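Each of the next two complexes has subunit A plus one more chain, namely subunit B in the first and subunit C in the second.
Now for the complex of A and B:
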C-alpha cells in the first residue's frame, strides 16, 4: 500500500515538474487572436530566435475574454506571463488593479525603440499620468469597406474620403435590393454592429461627446448633437432599413455576408483584411468613415504589449518586446495584413501598403489616424461597454418596441451610473 | 480494526472522496471566504463584510440572472425528467433496434458541450437552420429562436433536453431490475397498464427519479453556461439568457470582481441546495403515499 502511495506521489510531482512554468530565461507571452494573428505572432517569435534572441513561449488563446480570464487567474495564482497583448479598451482595469509594470523607463533607455516613432494616438491610449504603461503594436481604426462591383452595377461612384453621412445613407438605400423578387432583401446596403464603438465616431464627428469631459463620471450622450447622431444611427435600421435585420444578422454575420457579395458596405477595422483578400468574385476597397458633422472622426482600435508587475523575466521580456515592437517585428505583423503598424515608418512601408494588393486604399488607415479618437481609460469600461451595447442593440433592431434616441440615452445613463459609482468607490 | 470488506470499500471510494474535497469542497469554502472580500485577482483581497451581498440585493442584472435561472430550472427539470422517464421505459422493453436507439439517445451526452453548442447554433439558425426549414416545410411558424427572448430561453431548454442519455440509461436499468412478481400481483388485483404504471412503476422508480431530479436541478445550475456563452451570449437583450453561471463568469473573470462573483456563487449554491432539499421532501412524501397498499 505504502509503495503504491509513493509511486502515486512521485507521478504527481513529476507531472507538476513537467508543467512548471518557463525554464530559467524563457519569456512567456500571452496573446489572443484569430488564426492569422496567432500565425503572425509565431512568425515574430521565430524571427526573434533566428536573430539570436532567447527562448520565448507563446501562450495562445482565441478570444479577448479568454485572455482576460487567463491573465487574471494566472496573476492570482502567482504565475503570470511576463508579457501579454491587450486592447486599450480593456487596459484600464489591469492598470487600475496595479497588474502592469510601467515600460516608460525601459523605453527611455532603449536603443531600439523611440517613443516619437509611434502613432501618438495609440501611445496616448496606453499612457497613465504621463507614464507609458504599455507600448502599442498596432493602430487600426474604423473604416468603410465597400464592394466596388455592386457600386458600379448600381451606377454609383465609390465612396470618397470626404463622404458625408447622408451620402452614405443614400448610397446604402440605392444598394439595398431584392435581387430575385422573392420579397426578401438579398443585398443590404450597409453592415454595422450596434455597439458604442461604432456609434462613437459619428457622435464625435457631430461635435458631441460620449462621456463628460475631464475625469469621466457618466455616459453623456445628452447633447443635441450627440442625440442627433444617435438617432441617425438607430435610423439605419428603423427608418432606412439599409442594414440587415436582427434575424439576417443572426443567420449570417456581417463579415461572411460581405464575403458572399450580400453586403455593399461594411464598417469594420483592419482585422477583416486577411479574410477579404480571399475574395475572387468581386473587387473591393476601403474608404474613410463618412463625416456626420464638419469633419470625419474615426475610433482607435489598438493592442499593446504590456508587462506584468510580477514578471519573472522582465529583462528578457523587454528584449523580446523591443524586437516585436520594433521595425522587424511590426513588419512581420503587417505582412499578415490584419493590423495597422503602430510604428509610422512601418505603416508607411510596402509591408503594410502592399502596392498592387488589396485593399488598394490602405493609406486611408494612416490618414484617419490624424483625427482618430479613443474611448476613455476607465477601469470599469468593459462593463460599461457591455451595458451600453445591450441597450443599443435592443433599440437598433426593434424600433417598434425599442426606444427612440432620447429614451435610449436616458436608459444608458441609468444603466451605467452604478458602474461609474463603482469606479469611484 | 475494520473488516477487510469495509476497508476495501473505503479504499475504492478514496480517490473520489479526495477529488471531492480538493476540487469541490475546498473551492466552495474558498469561494465562501472570498464572498466577504473585495478582490480583483491582482491585489490582495480586502475584507468588506456583507457588502457584496448587499450590492447583489440591489443589482438588477443579478436579479435578472436569478430569475432566468429559476425559470430555466422550472422549465428544464420537469421536461428533462419526463423525457428521460418516457424514453427510458420505452427502451426498457425488449425489441428490435432498442440497442441502436439507446446508443442514439446516449450519444449526445458524450459530445463535448462546446461542440454541441456550435451544432445548435447551426440547427437554430433562423433563416438557414434545418429546424426552421423543416417547420417551414410543414407550414408551421418558424421562430426567430435566438433573437427573441422567449424562444431563446426555450432554445436553451431544448438543448438541455437532448442531453438526457445518462438518465435514460439509469431509468432503463432500474426498470429492468423491478421484480416481475409485483406486476403479476397488481394484475391479479385488477390493475390495468395505466394503474400499474402509477401504482407500481413510478413508486418503485421513485428513488431513481429523486436522484435524477436532484442531479438535474444541481446540473441545471451550471449547464446553461456553455450554451449561454457560446450560442446566445447572454442575449438577446435585455439579458434574456443571462443565467447565474454566466453572470458569475463575467463578474469574476471579465470584470475582475472576484469577491462579488464569489458572493453570487454562494447565492447560486444556496438556491440550488434549497431546491434540492424541497424536491427531496416532496418526492419522499409522494413515494411513501404511493407505496401504501391498494384499497
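Now for the complex of A and C:
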C-alpha cells in the first residue's frame, strides 16, 4: 500500500497542477479509523446536518497507510477530497508537494474558531513559516498506563507525576514475574514499542535532541545525553529484561497483553482508552511519563483537518471544518474516548474527563501538553521513521547481535542521510 | 486397495488438510467469545464456542450492503471478463503464428506491469468519465478480461485445438464468432470454468478497487469492510474472523457450483 502512495505522490509532484472537478455542493471528507472512530465521524456529520449544514460525504478507510495511498492517488488523478484528517508526522509530504490549502486566512476571519482556544503545541505542529496549514482535531501524548492491582499486589505505590526513569525500571523489574514457576515470564513489567517516537521523549527529557536544530538535516542523537537515553531504552530489553521478548510481542501485541493482565505498565497514547474501558478484572489508570533528566517530556500525538489545494468546495468544506473543529464537533469526538480534544475548553469538560469513569487521572493528558514536544515537520519523515525504527527494533530485541547505543546511532545517521539529502534536493 | 492407492489417498488428504488449515483456524476464531484475550495455542480449537461475533459484525459494518455490492460486481465482472478474455484469446490463437506470438508477448508484458503504476491513470479516466461515485470502476477490469493472464490461458488453450477444425468451419460458412461458440467453447469448457473460478476469486477479493477508485463508501465491497474490521483490537478479532467467514460463503458456494460443471478437453 505504501508503494502505491509513493507512486501516486510522485505523480502529484510531476503533474504540478491537476484539474478541478465540477462543484456539486457536496463536501468530501477523507478519514481513517477503527469502527468506533468512523462512527464518531458519522455522528459529527449527522450533527452538522441537523444543525442546518450542507451535504457531507465521508470517505472512510481503515488505516493511515490506506488514507495516504487514497489521498495521494486522488490528488494525482485530479479528484481529491475537499478535506482530510491526518497525523502531523505524515502531512508534511503533502504540504511539500503543494497539495494543501493553508487555513490561516480562513481561521483569521472565522467567527466560530479562535486560534488561541487550541492547544498551542498541536497548532504549532501544523504551522509552517508562521502559517497555519491544518487545524488539529485532537492533541494526545504518550502516557504510562498501569495495572493498579499488580502494583498493589507487589506492594508498590502507583507511579507519581514526578517519577524518574530509574524508579520506573525498578518497578518494572519488581513486576516482571514467572507466576506459575515454568521458567517463562507470565507478567512483564513494561510494554514499549522500539520506535523513535517512543524513544524521543526520553532523549528530550535528558536534554538531548533527535534532530539538529533549525531546518533539520540529520538525525542528531550523537550527544552524550541522547546516547545515554538511547542506551537506557535499549537496556529495558537487553539488560533489565522487563519488556516482552520479540516472540512474545509478536504473539500477543502489547495492548492485548495489558488487557489480559500480562503487562503491568504500557507506554501508549490516548487511543487505547476505549478498549481498556472494557476491562473488568482489574483496576487501571494513567500516569505521566517518567523523567529521564530534570523534567518530564512527552511527545505529541495529533491529527488535524487539512484542506486540499484543489478542493472543489472550499467554502462549504471550511464551514464543515468549523463545526467539526468547534466545541460541538470535538465534544462528539471526545465522547468516543479515543482522543484528547485540541480545544482546551472541551478538554477540560466532562465530555473528556468523564468523572467517575476510567481513567480517573485523565487530567494527566492535559498536564503533559504543557511540556509536550513534536517531531519536526519534514516531508520525508515517514521514510526516516521507518528507517530508524528498523534499526532500533533490531538493537532492542537482539542485544547479543545488535549494536550498543553509539554504534546504533551511527548506523541510524548513515541510513537516514540519503533521505535528508533527498529532502534538501 | 493397493499400496500405491493408499499412499495416493493419504497424499491427497494431507494436501487437503494443508490448504484447509487456515480455513479451520478462521472458523475456530470466529466462534470464540468476543472480549477475551486472543488464544495463543490450540485453545482456539476448543470450547467455549459463541455466536456473538457473527451478531456483532453488522454493528460495525453494513455487511448486507457490502455483500450486495460484491455480488453485483462479481455478477457483472466475471461473465463479462471471461467473455472478453476468451474472445481475445481466440483472436490471438487464430492469427498467423508470428502475429499471434507478437500479441501474446504484448499481453504478457501488460501482465508484468505493476498495478501501482496504473492506479493513478485508471482513477483519472474514471474521474473524466464521472463514474467514481459508482461501482463501475470496480467492474472496469472485466473489459480487459479481468487479468491479462486469463487472455493468455485462453489463447494457449485454443491454440491446442487442431487448426483444421476452424479451417473446415470457415469452408462451411461459419463466422469466426460462430466457430468459437460451436467448436472452441465446447472443447475447452474446463478452461472456461477454471478461468471463471479464478476471475471470481480475483474480483471478490479486490481490495485496491474500493480503496482507491470508488469515492462513495456506499459502493464499498466486502474487502473494504474486512479492512475496517482488521483494525479491531485483539479481543474483538473474532468479529473480523466471523466477517471473513461470512464473506467466504457466497464465493465458496459459487466455486462449488462451478467446480461441478462438466469438463471439456482442455
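In the analysis below, the second predicted complex is superposed on the first by the 402 of 425 C-alpha atoms of A that agree within 3 Å, B and C clash if a C-alpha of one lies under 4 Å from a C-alpha of the other, contacts with A are read in each partner's own complex, and residues count from 1 in each chain.
Going forward, a contact is a pair of C-beta atoms (placed from the backbone, for glycine too) under 8 Å apart; a residue touches a chain by one contact, two chains touch by 3 or more.
Treat the numbers as computed from the prediction; the structure is a model and nothing was measured.
Fit or clash for subunit B plus subunit C once both are placed on subunit A?
Once both complexes are aligned on subunit A, subunit B and subunit C clash.
By the touch definition at the top of the document, which applies to A:175: first (subunit B), second (subunit C), both, or neither?
neither
Where does A:278 make contact in the superposed view: on subunit B (first), on subunit C (second), on both, or on neither?
Once the two structures are laid over each other on A, A:278 reaches subunit C alone.
So, does A:58 touch the first partner subunit B, the second partner subunit C, both, or neither?
In the superposition, A:58 contacts subunit C only.
Just checking: does A:394 make contact with subunit B only, subunit C only, both, or neither of them? Give me first, second, both or neither.
A:394: touches subunit B, not subunit C.
Which of the two partners, first being subunit B and second being subunit C, lies in contact with A:256: first, second, both, or neither?
Second partner only, subunit C.
If you stack the two complexes on chain A, which partner ends up touching A:316: first (subunit B), second (subunit C), both, or neither?
neither
Quick one: is A:38 in contact with subunit B, with subunit C, with both, or with neither? Answer first, second, both or neither.
In the superposition, A:38 touches subunit C alone.
Check the residue A:76 against both partner chains and state whether it touches subunit B (first), subunit C (second), both, or neither.
Both partners.
Using the superposition described at the top, determine whether subunit B or subunit C touches more residues of subunit A.
More residues of subunit A are touched by C.
Across the two complexes, find the residues of subunit A that touch subunit B and also touch subunit C.
In subunit A, positions 69, 73, 76, 251-252 sit in both the subunit B and subunit C interfaces.
Could you pull out which subunit B residues touch subunit A in their complex?
Against subunit A, the touching part of subunit B is residues 40-43, 59, 125-128, 144, 146-147, 235-239, 249-250, 253-256, 258.
Quick one: in the complex, what on subunit C touches subunit A?
Its residues touching subunit A are 35, 37-38, 40, 60-61, 114-117, 119-121, 123-124, 126-127, 132, 208, 211-212, 215-217, 224, 227-235.
Looking at the complex, which residues from subunit A come into contact with subunit C?
Touch residues, subunit A against subunit C: 3-4, 7-8, 11, 21, 28, 33-35, 38, 57-63, 66, 69-70, 73-74, 76-79, 81, 251-253, 255-257, 259-260, 262, 275, 278.
Which positions of subunit A touch subunit B when the two form their complex?
Touching subunit B: residues 65, 68-69, 72-73, 75-76, 93-94, 97-99, 246-248, 250-252, 380, 382-383, 386, 390-391, 393-394, 397, 418 of subunit A.
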